[in-house]
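As written, the chain order gives the labels A, B, C and D, with residue 1 at the start of each chain.
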Amino acid sequence: MSGNTFGKLFTVTTFGESHGLALGCIVDGCPPGLPLTEEDLQVDLDRRKPGTSRHTTQRREPDQVRILSGVFEGKTTGTPIGLLIENTDQKSKDYSNIKDQFRPAHADYAYWHKYGVRDYRGGGRSSARETAMRVAAGAIAKKFLQTVYGVRIRGYLSQLGPIKVEKVDWSIVNDNPFFCPDADKIPEMEKYMDALRKEGDSIGAKITVVAEGVPPGLGEPIFDRLDADLAHALMSINAVKGVEIGAGFDVVEQKGTEHRDEMTPEGFLSNNAGGVLGGISSGQDVIAHMALKPTSSLRLPGKSIDVNGDPVEVITTGRHDPCVGIRATPIAEAMMAMVLMDHLLRHRGQNADVKVDTPDIAAIARVKAQD
Amino acid sequence: MSGNTFGKLFTVTTFGESHGLALGCIVDGCPPGLPLTEEDLQVDLDRRKPGTSRHTTQRREPDQVRILSGVFEGKTTGTPIGLLIENTDQKSKDYSNIKDQFRPAHADYAYWHKYGVRDYRGGGRSSARETAMRVAAGAIAKKFLQTVYGVRIRGYLSQLGPIKVEKVDWSIVNDNPFFCPDADKIPEMEKYMDALRKEGDSIGAKITVVAEGVPPGLGEPIFDRLDADLAHALMSINAVKGVEIGAGFDVVEQKGTEHRDEMTPEGFLSNNAGGVLGGISSGQDVIAHMALKPTSSLRLPGKSIDVNGDPVEVITTGRHDPCVGIRATPIAEAMMAMVLMDHLLRHRGQNADVKVDTPDIAAIARVKAQD
Amino acid sequence: MSGNTFGKLFTVTTFGESHGLALGCIVDGCPPGLPLTEEDLQVDLDRRKPGTSRHTTQRREPDQVRILSGVFEGKTTGTPIGLLIENTDQKSKDYSNIKDQFRPAHADYAYWHKYGVRDYRGGGRSSARETAMRVAAGAIAKKFLQTVYGVRIRGYLSQLGPIKVEKVDWSIVNDNPFFCPDADKIPEMEKYMDALRKEGDSIGAKITVVAEGVPPGLGEPIFDRLDADLAHALMSINAVKGVEIGAGFDVVEQKGTEHRDEMTPEGFLSNNAGGVLGGISSGQDVIAHMALKPTSSLRLPGKSIDVNGDPVEVITTGRHDPCVGIRATPIAEAMMAMVLMDHLLRHRGQNADVKVDTPDIAAIARVKAQD
Amino acid sequence: MSGNTFGKLFTVTTFGESHGLALGCIVDGCPPGLPLTEEDLQVDLDRRKPGTSRHTTQRREPDQVRILSGVFEGKTTGTPIGLLIENTDQKSKDYSNIKDQFRPAHADYAYWHKYGVRDYRGGGRSSARETAMRVAAGAIAKKFLQTVYGVRIRGYLSQLGPIKVEKVDWSIVNDNPFFCPDADKIPEMEKYMDALRKEGDSIGAKITVVAEGVPPGLGEPIFDRLDADLAHALMSINAVKGVEIGAGFDVVEQKGTEHRDEMTPEGFLSNNAGGVLGGISSGQDVIAHMALKPTSSLRLPGKSIDVNGDPVEVITTGRHDPCVGIRATPIAEAMMAMVLMDHLLRHRGQNADVKVDTPDIAAIARVKAQD
């Protein structure tokens, strides 16, 4: 229950530093009987992997995951699934210059005050490298949700700095370096990123993630609402500074007559709620957005202090993502998958005996939309 | 650890429905020796209480809290603190008409699918009335943080529908019905709300909450970051659809050189981070914003369905807040207090032995600002 | 997750001191739709209640429980069930003499070192009075287990000081002041207790509790084994110093050929395991034993110290049970019910999709035994 | 919070099957700054290791542990410590004969009913091999407790089948294959075990574990009492069927005047309580006992059934411990260390501000005893 575990019934506990020997994680509570291979996890790991375009860091992280336990003869056994990624690209760089300095807007200063010690190599535990294990664990949740409940979880980049996407074409999301769903915006993004790299600066981004086919009833009032747990999950991703469900901050200026999603026997008439009513899934698409800050590792000098409190000027060399948001889509999907999975198991734990005759109007609408 | 408990070391578990016999809560893990009276809790309960201006619901909820345990001779004992508010204004209204209907944008439909049964009187457990206990519990956390660590937690209404506050004058926040910190905007808000009430519609709002004096080091990577737990806490409040830390969604368009909060021996030069770096408090003010949707209980008719899936037109009569955001400020403060309190106890549990010589530059800046 | 909550999905959180205003508890995670009345809880509370024979304390504790939430129109709603017992027999006794003394073998000295403060009236939070709320909460679990799964949980006094019961006649357990299942031993117990009361001394006891009809599959390896959680639950009862599952400490001298419970298509040939194999229920009766120490509140003087560390002689006056074990049977049943309930919900959360063709041989044996 | 995690602030989560690729564990919440090397863990792993005498299984398990994270430049960093032991002695044995059979008194039948699938190779997850990771994790807790608080945790075999130890000479415990503290009994045990091996049978045992120097104040009423968490911890070890604290089951026949540990300014006059009063440590030695059942893997045939419910006769070949208790001492120490460590962190989280003038009389007695 310490800070490196997520979930209550379906739990994910991770370990590992950026430049340590390995990253690992234990996925506990997965139902037995789910067909699972390392390849199932590798697909998402490869989507997150750096170095696949000129717009992300050029570090080589093969991120080859191994399943060490919990799977037997190709199926999960219900016992904990141990995952391991060994670190291979640990450049024996000289870190002595940054050892006693705090990089502005990094975790350095806060870690130091908390622990009095830190693994300064490549950010240590605060590195975004840690999210690789979330992606691997999330892939298990995604597979279960898809296989057993028909839930599909997908995300995309909805904004890159000033460039907002205007349409969502799912078919192209995985075929461009940005997870951008709007073909018209891709050239603009390419150009923007090229200029940014030249400047030496970085930029923020916004990611949207959507789960379709979520059964109504997931989420627990009061504190463990589905939306509250999603906010927790997404805000726990490095660099995230804001989370929205459905209409998000737009609700501030909405009137009640505009906001409320009216219902008919054929489905909801809108989805301002983002699929969550009173903290519980309504059957509509669960939609969340998150804002990622620009990378703080810049080669442009910044003011800071050292461990003695003396002023220093910090320049971060090395290979860094100019926009961490670019690789964040698979991470957002993974976190949403963990939340839905956990709540699905909790829901059937408490409410396995419940039967209602009321139709699931969102499911009706989905079927209709597919016709 | 089910959904009605918040926190890990300092835990708050609540019960109670809108029109049940009572609301209650158990606050566990409070350090012993803290002077505590019912009056300490009542102050914040009265700030949240409805019926104090024409802009909130006219329900009478005296919300008189009793401390049933955990306090002896005026001080906490370290054992669980039981709190109780008996419901007094339970109008024996006839609910038969809404019993089988789902109000659009309410929890009704989702609760029904989850539990197959619901207490439909006044929203039952999904009513915002439940937040009274959070305010009472949060007041205990606020008092401990203030008394032992000098942490001050305060909030205000930062936007009401289209009206944004432009300056923050803390001295007036508690003296107007909106918790508005900008005297110039109050007449505008009065006028807006009067018109809205006439229309029968409702409106969203935005609340900002700030904690000053938070020691650096609170929050646990990876999943239980301070910001992630704040997001969880604030998103768990009824009607909240978005949460931001510091610059929030503005980071999407910020460049790294703009976003990063540079450090000097005299303090940070900005606070885009909202007081949280790498998930851990930096010593700067912890700042969070949340968006609340407009009330869905409207006397203007809306389309919906009943338990059989048949179409109905719903009109909600009764006494409802046209803007739930107006009373939400004390709730946001309470939730932030719980999060900080929990993390403070967790931090000293793990890191009581840590000593660093590095100065707390935010504290230096605070002292300087007060001179 | 602090110390006053038990369980993971079905959770029970209690508050209240012996001489405070009230005892209370929140039962969270109960499935919806269970018919439940205050009378369902009162039955077990009355079995635990003191003052019903000359062998227990003559305190009057009507222990009238009220359900404050979570039940609507006679059925549970799935939301938290708030329970309250107001304290009525709070004699305004003068405690000034014991205020600064520690009674030997009581919690006084340890509480003082932990908290630096204690509610010394009647033992405060360390009083066995706290167990009333466990009995009330356990009754909810018992009812669900019985109603939905046909599980029956019953206990009895298996030893009173030197007097061991030799046969188990369930039909008489609730009809004598000791919960003794062996009619031949009752007169002996009466005599023993009368002599003890005259002496002013107290005595230990042993309780056995049995759950029949438990489905196979409950319990989670590795740490949350069913037997480990039972040990936790029973050892958490005041005065308990030992817990056994099945053959318990007798296994030390058993050989493997003697201990192993052989299996046939018609059932197990013995039950040394006490219904738990590898931490998971086997379908056989789950059997546990617990040892309760003699009450330490004696009118015979004992050596002790005061808060300054000076020697004192302590005499405890007032009304105390000479054998706390006598009233412990309903408490043991309640704790076993909570554990089974929690694991049942957890099990169906994770393993709802599991189907095996292998027969439940213990169920076969039970059916056969009833013929 | 699923079943493979132990603890609340200091948490241990394990994975791995007997014949899988590796065993692993994540230790979260360890305070930073603790000097730690793999050798620190290896010492206890080697004490637990099989094959070191003719009285334990002849399997070769080098059990070489690697620290993969959480330690930097020889000290813990406060981030999760990842541990890994790769399995090397995985004989490619043919398991097809036991695949569809359930061994009597094993976890097989219960796992099958729970999960509908099991890794039958060498017991899979239910194998005692899993306890290796507990020993490694416990060694971290032991080192912290010893280094920072001067707490020493040691155990011994107190009974082997019918042979009870009569005196405790700590100096010899680690120098004989049984962890026996009574030199006179060692030849008897040797002889007993040799005969047993010839028979092909197995035998139970009893282990005692003692923590000295525990500060008063650890443990949380009501449910997370120190003794309740110890019972949980010890009962979670494979084969354990009973747990006692202090006088344990002997309390059943004790009178109050005999049981109560009187106090004087120079210390307690006895320790029937086993160092725990009201669920909280008293400063005296914390003493626990546990009973381990005889191994069920026997070459003597036993009656059982197969997955179809048909009768079979089971013979277990292979290398098995005839007395699992022999190697259980380091495991018991590890579990006690985890419990004390967790409660120590929890205690200082809640009660860091507490100061009392009352002397710690047990510490006074310890100092005196050492003179």
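FYI, a residue touches a chain if its C-beta (ideal position, glycine included) is under 8 Å from a C-beta of that chain, and two chains touch if they have at least 3 such contacts.
If you're wondering where the values come from, they're calculated on a predicted model, not measured in any experiment.
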Partner chains that subunit C and subunit D have in common: A, B
Turning angle required so that subunit B lies on subunit D, C-alpha fit (0 to 180°, nearest 5): 180
Winner on C-beta contact pairs when A-D is weighed against A-B: A-B
CA centroid of subunit B to CA centroid of subunit D, Å: 45
Rounded Å distance, subunit A centre to subunit D centre (Cα mean): 38
Inter-centroid spacing, subunit B versus subunit A (mean Cα positions, whole Å): 26
For subunit C, residues contacting two or more additional chains: 1-5, 8-9, 14, 29, 32-33, 78-79, 114-116, 125, 221, 351, 354
List of subunit D residues in touch with subunit A within their complex: 1-5, 7-11, 13-17, 20-24, 26, 28-29, 32-33, 66, 68-70, 72, 75, 77-82, 84, 114-119, 124-125
For the subunit C and subunit D complex, residues of the former touching the latter: 1-6, 8, 14, 102, 104-116, 125-126, 130, 159, 161-162, 196, 201-206, 216-225, 227-236, 238, 240-265, 269, 272-274, 276-283, 291-296, 298, 300, 302-305, 307-311, 347, 351, 354-361
Interface residues, subunit C side, partner subunit A - complex: 1, 8-9, 29-33, 78-79, 148, 221, 345-346, 348-354
